[in-house]
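Presented sequentially are two complexes of subunit A, the first with subunit B as partner and the second with subunit C.
Up next, the complex of A and B:
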């Protein structure tokens, strides 16, 4: 089973129908505006709210994603509190970081990753990197699930053993996962050649 | 450790992007020449592997858990050139798909974790591995390099945050580095255990003399070295120079306090004490880092001693 990383990237809306390069460029422009100018976050916020409304992505889903990622930003932002005028800097950073997060979340949920890769290829990002990204995206959860399956099987057989043993058995799961990944890569290479990959 | 957007200013983001762009260019150039065609899919699968390995949580005391970061592991298994490419791919997907780490801070993040973790970690690994020799050297090198990569990435991230004016160096440096002195221990332990596990099943995959992406030429070593030292010089050294300055100023304040009898008696000692404490926090952290480096090196040595005889005597 492969579950979708960006469940809303393929619904139909005016935003989804825009070409991927335009969305990537717009996202970059919004990010640059938010980060580099002190007062741009109000218009950026208005634009983002308009995009949310147009894109028909459930607001609750976006809020959940934001809440999930916000602690990471808050942790670093807390350090800013410990200086002179820290509260202002802190508030500014939190607002900016939240807008940036929302921008990237909206980008990934209105644009399929394959389309983004096509844009990268067109702007002359090395083919090796694009191939790596494409294969990584495809096999992310295949491998994550394989690892989880091995971990569960190991945990069933060594139930209730001490922590040091748990570390060793988990490490052997990770090691085995790497060996399996290299073997899978060889099979994938054969399959790619069979389909006429250069 | 992933720096989100909104924390770095323009100059820091551009510097980070230029440095990691150059490193990525070097890596792709090298791979295009040296990487066999049949190994191209391995790059993607290795990136997916790093991601999957990060999802397996290792239990730490008190119900908390940590996970592998993987930069040194991948450098040991695939070589430095491939490590930069693989870690870049991991960071790009984490940023674009999971919004973990900013899109504009991507350059800085790739530099901290991919370039310094991958190439810098690999350099440390190779030096220690050659000094100690054999499989024992592999283990010792991997452990020491894994710890160093975690700490170095934290130092660089602290420097970038301070350079952007997000948080003062005196606070962000101790906070980031002290935490990563500990995280590095976990990273070293997991890296070593995984390397040993792979070595037991497929010793050919952990051969230090033949990494998958081929050996580096001297010119490439020089180029990577230049990039990393440039990064350290730009992001960290402005603050490193401030340390003796900070000490001098504390001495000045204390000397002044000694001479000036008319100064308000009640408030001053406490205020000065706090000031000197805040100023000396980075100094204390650097001392802790230096002592930690020696300790971890010894620990790596002991780990290699303990782990290796057992693998030799154990029946296969």
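Up next, the complex of A and C:
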């Protein structure tokens, strides 16, 4: 199984062909506008819908991604409901959060991550931060696959047991995964040193 | 005149922090141009030994190191030069391919060694050597096992090492992947030290085999002599490879 954060980042469309720096700058501008001004969400929304149409990314995929990420924003928005006049604030937070998420999802699915990293490096984002991002992007997949393999191996040997046992075994899988990642991190560091990293 | 010494080990000992003794006094030397196989059962100390050849282990390099590479003792001061001379291919390709694209990964070594102008040329040449020209912009997690291994090798070759150190280069490759990798290695004239369980590879490729078990050298000689000795092989968790089996009349 191949996990992918950005399965559409390498298709061809007018949006994909734009230079990475332009897309990153535009995304930043959209985010800042959405967050800081009270009514910018209408033009931002229009721009994003236009980008979606031009980018040839399946709308269903975008909706699924939004649905996946929305709970994080909703958690915060729900707190707003507790205060007076909360419904309006709640609606505003949800709309703004959705637009921000859509902006980021579109950016990551129209620009290969390596290109984004190159832009970050060029605008002098601290090298340590860029390297960390690069390594995170690279090993997220390895980690996810390792976790999936361990989960399957577990599942093969835990049939017909109660739910509490399943939770316990999940806990041990997470623990093992942490140990394995630490060991892998050591080996990666060794591999980097072997090729001259200091 | 015999060829100059590439790598020399004098009474190499190593104990892991948990107290387990991995290497108990290993000595041998490898001349330039040799292709040496390190064989032995799991846990014999092969991988641990390889990591000493470029100073990844021990964590604190001793003042008088047991390992010498092209006349240079592996000390803190010599580390950069030693790592340039020794190209180490790790067992797990995912540990070695840490960059977002193939190009960046192969370029990583040459960039560290600081000759930026030559980097694109080195990458193109290395990818060409492993037969993966055109893979520059691919992401490592989308490659097959054999391709990953070859990109790793390209990353090492791009540093133009004087000795290639390979840890299980054919493990988890399919037969075609193994065959292709063996052909690749055969055509690289660099001095090679290969730790492997792939005994066919040893017979086909290597000029010398060193058998290690329990952290010590048990035997050292021509591959066909060593690997053909069934009693010796079985005593150390190995077996006589099929290509050295006698044909029995049935």
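Methods note: the second predicted complex is superposed on the first by the 144 of 198 C-alpha atoms of A that agree within 3 Å, B and C clash if a C-alpha of one lies under 4 Å from a C-alpha of the other, contacts with A are read in each partner's own complex, and residues count from 1 in each chain.
Convention: a residue touches a chain if its C-beta (ideal position, glycine included) is under 8 Å from a C-beta of that chain, and two chains touch if they have at least 3 such contacts.
Nothing here was measured: the structure is a model prediction, and the numbers come from that model.
K.L.:
When both complexes are superposed, which of subunit B and subunit C contacts more residues belonging to subunit A?
P.N.:
B
K.L.:
Which partner does A:96 reach: the first (subunit B), the second (subunit C), both, or neither?
P.N.:
A:96 sits against subunit B, while subunit C stays out of touch.
K.L.:
Per the contact definition in the header, classify A:54: touching subunit B only (first), subunit C only (second), both, or neither.
P.N.:
After superposition on chain A, A:54 lies in contact with neither partner.
K.L.:
Who does A:40 touch here: subunit B (first), subunit C (second), both, or neither?
P.N.:
neither
K.L.:
Which holds for A:114: it touches subunit B only (first), subunit C only (second), both, or neither?
P.N.:
After superposition on chain A, A:114 lies in contact with subunit C alone.
K.L.:
By the touch definition at the top of the document, which applies to A:128: first (subunit B), second (subunit C), both, or neither?
P.N.:
Only subunit B; A:128 stays clear of subunit C.
K.L.:
Who does A:27 touch here: subunit B (first), subunit C (second), both, or neither?
P.N.:
Once the two structures are laid over each other on A, A:27 reaches subunit B alone.
K.L.:
Quick one: classify A:188 as touching subunit B (first), subunit C (second), both or neither.
P.N.:
both
K.L.:
Contact-wise, after the overlay, does A:196 reach subunit B, subunit C, both or neither (first, second, both, neither)?
P.N.:
Second partner only.
K.L.:
Once the complexes are superposed, what residues of subunit A are shared between the subunit B interface and the subunit C interface?
P.N.:
In subunit A, positions 113, 134-135, 137-139, 142, 184, 188, 192 sit in both the subunit B and subunit C interfaces.
K.L.:
Under the touch definition given earlier, write down the residues of subunit A that touch subunit B in their complex.
P.N.:
5-6, 27-28, 31-32, 34-36, 65, 69, 72-73, 76-77, 79-80, 82-83, 89, 93, 96-97, 99-101, 103-105, 107-108, 113, 116, 126, 128-129, 131-140, 142-144, 146-148, 151, 163, 166-168, 170-179, 181-182, 184-186, 188-189, 192
K.L.:
Using the touch definition up top, name the residues of subunit C that touch subunit A in the complex.
P.N.:
By the definition above, subunit C touches subunit A via 51, 54, 56, 80, 83-84, 86-88, 90, 92, 94-101, 104, 108-109, 112-113, 137, 139-142, 155-156, 159.
K.L.:
What does subunit B use to touch subunit A in their complex?
P.N.:
Going through subunit B, the ones touching subunit A are 2-10, 13, 24-25, 28, 31-32, 37-49, 51-53, 55-56, 58-59, 68, 77, 85-86, 88-90, 92-93, 95-100, 102-104, 161, 166-168, 171-172, 175, 189-190, 193-198, 200-202, 205.
K.L.:
Can you tell me which positions in subunit A touch subunit C when the two form their complex?
P.N.:
On the subunit A side, the touching residues are 2, 112-114, 117, 134-135, 137-139, 141-142, 184, 187-188, 190-198.
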